[in-house]
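See structure below.
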């Protein structure tokens, strides 16, 4: 009697667990579909001929992929140019931010000097000034330098970052004190120690910063909009907008442009997921 | 031998020189960052305040000093009030919903099921989409005639909406785009926060007889509060700084219903050449963001449970 | 190889005095041990020699040059840290090679020197491993390798054995002494372990609370401690020190201690009289006390058996404790019994109760 009751409840438990898991998988799948829908539609439309897109009811299955839409996007839509500009600008900003952050973080982590705390607060305060607030004078400054429609104008204002400095400072502070002494005895001054010991040991944090910086730089919108009018200097984000206004009805072309604009970063996300997550969450955990 | 006093003096001079050396190094290392901050953060901040004191003529050629008058006019202007309420509404639409959805997704994805990696990648995917990309994607979805959303509505028997041109629905539509855009970020942050909660806390709660719902409110939520606080702060500030999606989807309209503050700054500054007013709005934005950050940290910190 | 001299050196960290008025001359080629309890300033003194700290006052000389203004990296000394401080991201070979790069030594020569150091320390099979893959003892040898590879003027070591287990410590102690004689270099070695000091040093410099207490060869320091601190720090179990009043018994001067009277030798009598002391501290090592017919009365509190010897813990009437050391082959008195202790006058030490200094 008791044995059968036990067996029944065990089966019941197992059934409940499977049902629970099935429900979870169902919820996960629905959520995934909802989230992916815009992306899927974009890709699908990019491969359909325009007429198909305009039919009603909307046709979401790609039966006859038009690969040359992409070719056209590059040729007539200037997307190649935009892509190159984005790559140049984002890479330069990333390199610059990593460099200035490494130097500044080293100073905060390893040097003792009067005014260190004050300067730390100064760095901190830059995080509270939204870019949109300073955009007009910055435009005037950049214009005065003659940097409108130029790479410098897109790159230089963003070469320093307090966020990056703090991220790396935290990583640098985990380098054991003894290593600094050992390197000093071994004949290494600050720069030697920084390059040969601190930077290699902080590879993870630097990687996170690099991925994060690249992402932020790639996705910039307001600033490139303001200071570039020349197609030769437009980044892919602004290029996309100009594509929307100039080729209004060519949905497939616009979607292809969107895919081209999004693809590099999506690839980055897949390849460098860990670094990206680390960069994004460094402010969240433990405040 | 050198006398004690002299020796101490020599030692302190040596220390001073060494201190100077360190300071010189520090200057070299911090110099580039400081120079950049001075040029592109502090100077422009000051200049924005300064520009607010000057009213430009209708052609944008001359400006006259008017002191605080322009600020006062701004604070009294109905248009500016509308812009502020629009932005506030926008934040209200996007932040709580976005946070709740992000939390929901994170909870779903925090299970130890097979294939979770795939779902996690999918849920984080929107972090890779830029404002422009997301906006163009949703431009197509929201298209009144060919967009799938209206198609879905029609098939369900609901009257379709001309989303981006309807004064009632334009802001919600833009908000929807923004929520989707930020979902990846929210998901990643909340998931990371969930993963820092020690398993033992859940286990001991289970032993104490707590069901899932009770565990959620008594273990998960308190432990997650720093993360949620961070997410709320970032999302809110982000809402107040939003520009790109407005520029692509609605350009501030229809009837100014999506004219958020940054878009207003943009139009005044770069279309109407009204530097003074634009700068004034910038100052107000700065103060709002500052106050928001402080309020949120003060207010929410009381509810936040730090520590073990 | 060089002579290291510290003259009037002191180091203050704000209000905290780490080292004060430190005067020491370390001879070329000697194995000098800086010994003392934690917080006594010995590590600070070592770091001052290394150049990792700057003295608040005083002059430090290495070889013939005053090095106060010379940075650590230019002093041509090597240091082995308690934690070994190996570069975790580099192989053993790269770790050892590290100090050879700043002086721009050519690659071929570097490789030679690294191979030589590896050979000397038996590190050849480990050259391509990372520090995380090594045991404590192996890491310590890599740290040594990094130190010897540049043939520095002196080797500074900060408690290098304290992270090793007991057995390894004994073996490595002998290896270090061997290394010292092989290299003929100046070793400055910091430790709190007096056994290490006694077994390895040519001279021991004992420190307490930032001050140098005594410098001398191990046996000298053991036989003639300069003050009660040294007397009780060196030797295990520590020297017994009991207090007593000075009294005249006719011609003789005696010390009235809690258990009985102890005769004061002539030299000390004269000194005591000259200093005008009323009381004196008497020190005697546990192995120099004999149980039998002696002037000192005590009650046995406990008997500890260590296998090769026994420690008899006795209480004097004044509640001072005295430890007597006897071999295991000798009979031990029962706990609670009364005993009488005596000692050869040659083995008695006398100290000024005020200054704690030795009275000769």
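Which chain is which? They are A, B and C, in the order written, and residues in each are numbered from 1.
Everything that follows uses one rule, which is that a residue touches a chain if its C-beta (ideal position, glycine included) is under 8 Å from a C-beta of that chain, and two chains touch if they have at least 3 such contacts.
Note that the structure is a prediction, hence the values are computed from the model and not measured.
J.: Quick one: name the chains whose C-beta contact count is the highest of any pair.
T.: A-B
J.: What's the chain with its C-alpha centre farthest out from chain B?
T.: When every chain centre is compared against chain B, the largest gap points to C.
J.: Go ahead and note the Å separation of the Cα centroids belonging to chain B and chain C.
T.: Measuring from centre to centre gives 62 Å for this pair.
J.: Calculate how many whole Å lie between the centre of chain A and the centre of chain B, each centre taken as the average of the chain's C-alpha atoms.
T.: 15
J.: Of all residues in chain A, which touch chain B in the complex?
T.: My answer: residues 21, 24-25, 27-28, 31-32, 35-39, 41-42, 45, 53-54, 56-58, 60, 100-101, 103-104, 106-107, 111-114, 116, 119, 122-123, 126, 128-141, 156-157, 159-160, 162, 165, 190, 215, 218-219, 221-222, 225-226, 237-238, 240-241, 244, 251, 254-255, 257-258, 261-262, 265-266, 268-270, 273, 276-277, 280-281, 283-287.
J.: Looking at the complex, which residues from chain B come into contact with chain C?
T.: Per the stated touch rule, the residues are 1-2, 4, 7-8, 11, 14-15, 18.
J.: Which bits of chain A are touching chain C when the two form their complex?
T.: Its residues touching chain C are 176, 178-179, 181-189, 192, 196-197, 200-201.
J.: Which residues of chain B touch chain A in the complex?
T.: Its residues touching chain A are 19, 22-23, 25-26, 28-30, 32-34, 36-37, 39-45, 47-48, 51, 104-105, 108-109, 111, 113, 119, 121-134, 136-141, 145-148, 151, 180, 183, 185, 188-189, 192-193, 196, 226-227, 230-231, 234, 237, 240-241, 243-244, 247-248, 262, 265-266, 269-270, 275, 278-279, 282-283, 285-286, 289-290, 293, 306.
J.: Okay, in this complex, where on chain C does chain A touch?
T.: 47, 50-52, 71-74, 77-79, 81, 83, 85-89, 98-99, 101-103, 146
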